[in-house]
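Common to both upcoming complexes is chain A, partnered first by chain B, then by chain C.
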Partner chain A sequence: MTAVAFQRALDLVTRVRGVRGAMLVELGDGVVVAEHLMEGIKGPAVAALAASLANRLGRAMEAAGLGAGVYWHLQASEGALLAVPAASGILVVAVTEPEVNVGLVRLELLRAAQAVT
Partner chain B sequence: MADDVKALSAQLAQDPNSLVFLRLGEMLRLKGLLDAAHRVALNGLERHPHSADAHDLYARILADKGDFERAFDEWDMALRIAPTHLGALKGLAFLYFKVGDVAQAAAHLDLAQRAAPGDPSVEQALAMVRGGEAADAARGVGVASAPASPTAGAPPAAAAPMEDARVFAGLEGAEEGLLLLDSSGRVLGGTLRDPAGQDVSDAVAAYLAGVSQEAGRTAKLLGLGSWTGLAAEAGAGHVHLAQPTGDALLLVVRDRAVPMGRLAILAERAAQAARRWLEQQA
Partner chain C sequence: MSTRAVEAWTLAPLKKFVSEAGVRLVLLMTPAGQVLAQHGFSRAMDVMAASALGAAIMASTGEIARQLSQPPFAALNHQGVRHGIFLAGVPTGRGTIVALVVYELDASSLGLVQLFFEELAADLDAASPKEAVPKQVLAADFERELTNSLNTLFGR
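Moving on, here comes the complex of A and B:
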């Protein structure tokens, strides 16, 4: 895929009101593939942690017999991090404000995940 | 009594909004006509959703049918509406007693005694709870001994299957699907089973070691404040992670039929129970 295609996928997510930024992360090694984040955010560090979290939780869900993870939502007091894995092994991540429409962001994350597959 | 049922049914038919459904539902329950009582209570609840008595009636019927999880929810709702509701306090005491949490059972009966000093049923239940007579305690709080339950009629030791279950006593899925672990991935309470029924608590807990720290660091790096929950969807179920205390983690697992929002509420309730339990252990 081209950088433009990745950027288009990110745009699907960042155009939702309340989304502060988005990134594409290689799920296996936590490396940033593309990003559209706010100023001052350490993309590589966040990517590594997000991938690690998704992997840990994914392994726990597999061990529980629930199958592969299809959506993650880390809720915090001042916002949230939402993520959806693509079949290509890329994790599509959104960083949001507290009052965002989570359902809408989830839908756009799923669309973006399809776009980067 | 059959005539009474007929008369009350006729009254209710004449005025569907009346509170006579409370008497009719209870009468049907006492006669053992649980399906009919269930219908009457549900119809009444639809018309009177803010009636603590209606939730109490429904909870009694659910308890008689052996559906203790939903009975707990209904009595919990009754107490939210009326914090000193005698029936709800006695009902919750019964459920706590059933899972062996004598302290919580006695605490609820103490509150019931304060709400209704001298009530013989509360005094009887308190005496029985302290004496450990399960069936008598159930009679004391006015609930049948629930023949559908595998622990019905069993002595308290058998009704409290293990220390782990007590952490989440009375909560929905108290004996499976709730797991409390420490930051190093050791199970503190609860049980998790895979769809085949195999206990996977230790394996899942091991994978979750360190999740709390990573979630905290991720939220901090992004300027999101402190993390309050981590939810995930998988092919065959939903999970929700909460942090009852700084060094404990709580996992709630349910099938995909349970919406994520509902799961978050369950997790919050379970986290409160876990927090209380951890404080007692300290």
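Moving on, here comes the complex of A and C:
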């Protein structure tokens, strides 16, 4: 994968109306691989915390016998955080407005995850 | 796990960092290897060895940076199969403090350590006594001070 390919994968997500930013995060380390974020979003903080959360949720799901997690949607009062783990160990994360088309973002996150695998 | 400090102002920032980053071991020391605080160590010998090695690594990377005509490296991270080591300097009112952090890859991550280390650096700088003069490391009563520090660090 090249940096251009990573940016193309992020563009799939950020072109959706209401998406404030997208990131590719190394799931194990919680560090940013590539990002495309609006001003005011703390990329490294979101990456570290989202990866930690995804790791723990993944473990919880596996412990419950549900298999590996494929998609997480965390809704907050002023927006949402959505994440899809790719097979390559990269977590594709989107930060959105509250009124975003969640179905469309999910679709593009899954496409981006396939693109970075 | 115990958290103890020779310099009391380091204790609160260290406890907060340990709690938030979920790390296993932490040493705060001077660039010469004089320990100011520790979390998670159970034996004095481990602290002495870790502080000497941490200070030596900082000195080595600092010299590499100097030879490259660069400012000192901000941080060093080294990961193994189960654990990671994070080593970085923090400028404070008491001079530079070196932090040696050991984290388990199952419980924490480089991203989390980096994230909360920034807060630790800010907290240590804010808490450090600005007017105090750093002690001479190799003072005449070095051995007695070392023994006192180790006793403090292990609650003896």
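Quick notes on this one:
The criterion applied here is as follows: the second predicted complex is superposed on the first by the 117 of 117 C-alpha atoms of A that agree within 3 Å, B and C clash if a C-alpha of one lies under 4 Å from a C-alpha of the other, contacts with A are read in each partner's own complex, and residues count from 1 in each chain.
Rule of thumb we're sticking to: a contact is a pair of C-beta atoms (placed from the backbone, for glycine too) under 8 Å apart; a residue touches a chain by one contact, two chains touch by 3 or more.
Quantities reported herein were computed from a predicted structural model and do not represent experimental measurements.
Superposition of the two structures on chain A leaves chain B and chain C fitting side by side, clash-free. Across the overlaid complexes, the C-alpha centre of chain A sees chain B and chain C at an angle of 110°, to the nearest 10. Counting the residues of chain A touched by each of chain B and chain C gives the higher count for B. In the superposition on chain A, A:30 makes contact with chain C only, while chain B stays out of contact range. In the superposition on chain A, A:80 makes contact with chain B only, while chain C stays out of contact range.
When the two structures are aligned on the shared chain, A:44 is found in touch with chain C, with no touch to chain B. Of the two partner chains, chain B is the only one that A:69 touches; chain C does not reach it.
Once the two complexes are laid over each other on the shared chain, residue contacts for A:52 go to chain B and to chain C alike.
Put simply, the nearest alpha carbons of chain B and chain C end up 10 Å apart when the two models share chain A.
Overlap of the chain B and chain C interfaces on chain A: residues 45, 49, 52.
Those residues of chain C that touch chain A in the complex are listed here as 79, 105, 108-112, 114-115.
By the touch criterion given at the top, residues 41-42, 45-46, 49-50, 52-53, 56-57, 59-61, 63-81, 95 of chain A touch chain B in their complex. Of all the residues in chain A, the ones that touch chain C in their complex are 25-26, 28-31, 44-45, 47-49, 51-52, 55. Residue ranges of chain B in contact with chain A, taken from their complex: 192, 194-196, 200, 203-204, 207-208, 210-211, 214-215, 217-219, 221-237, 239, 241, 251, 253, 260.
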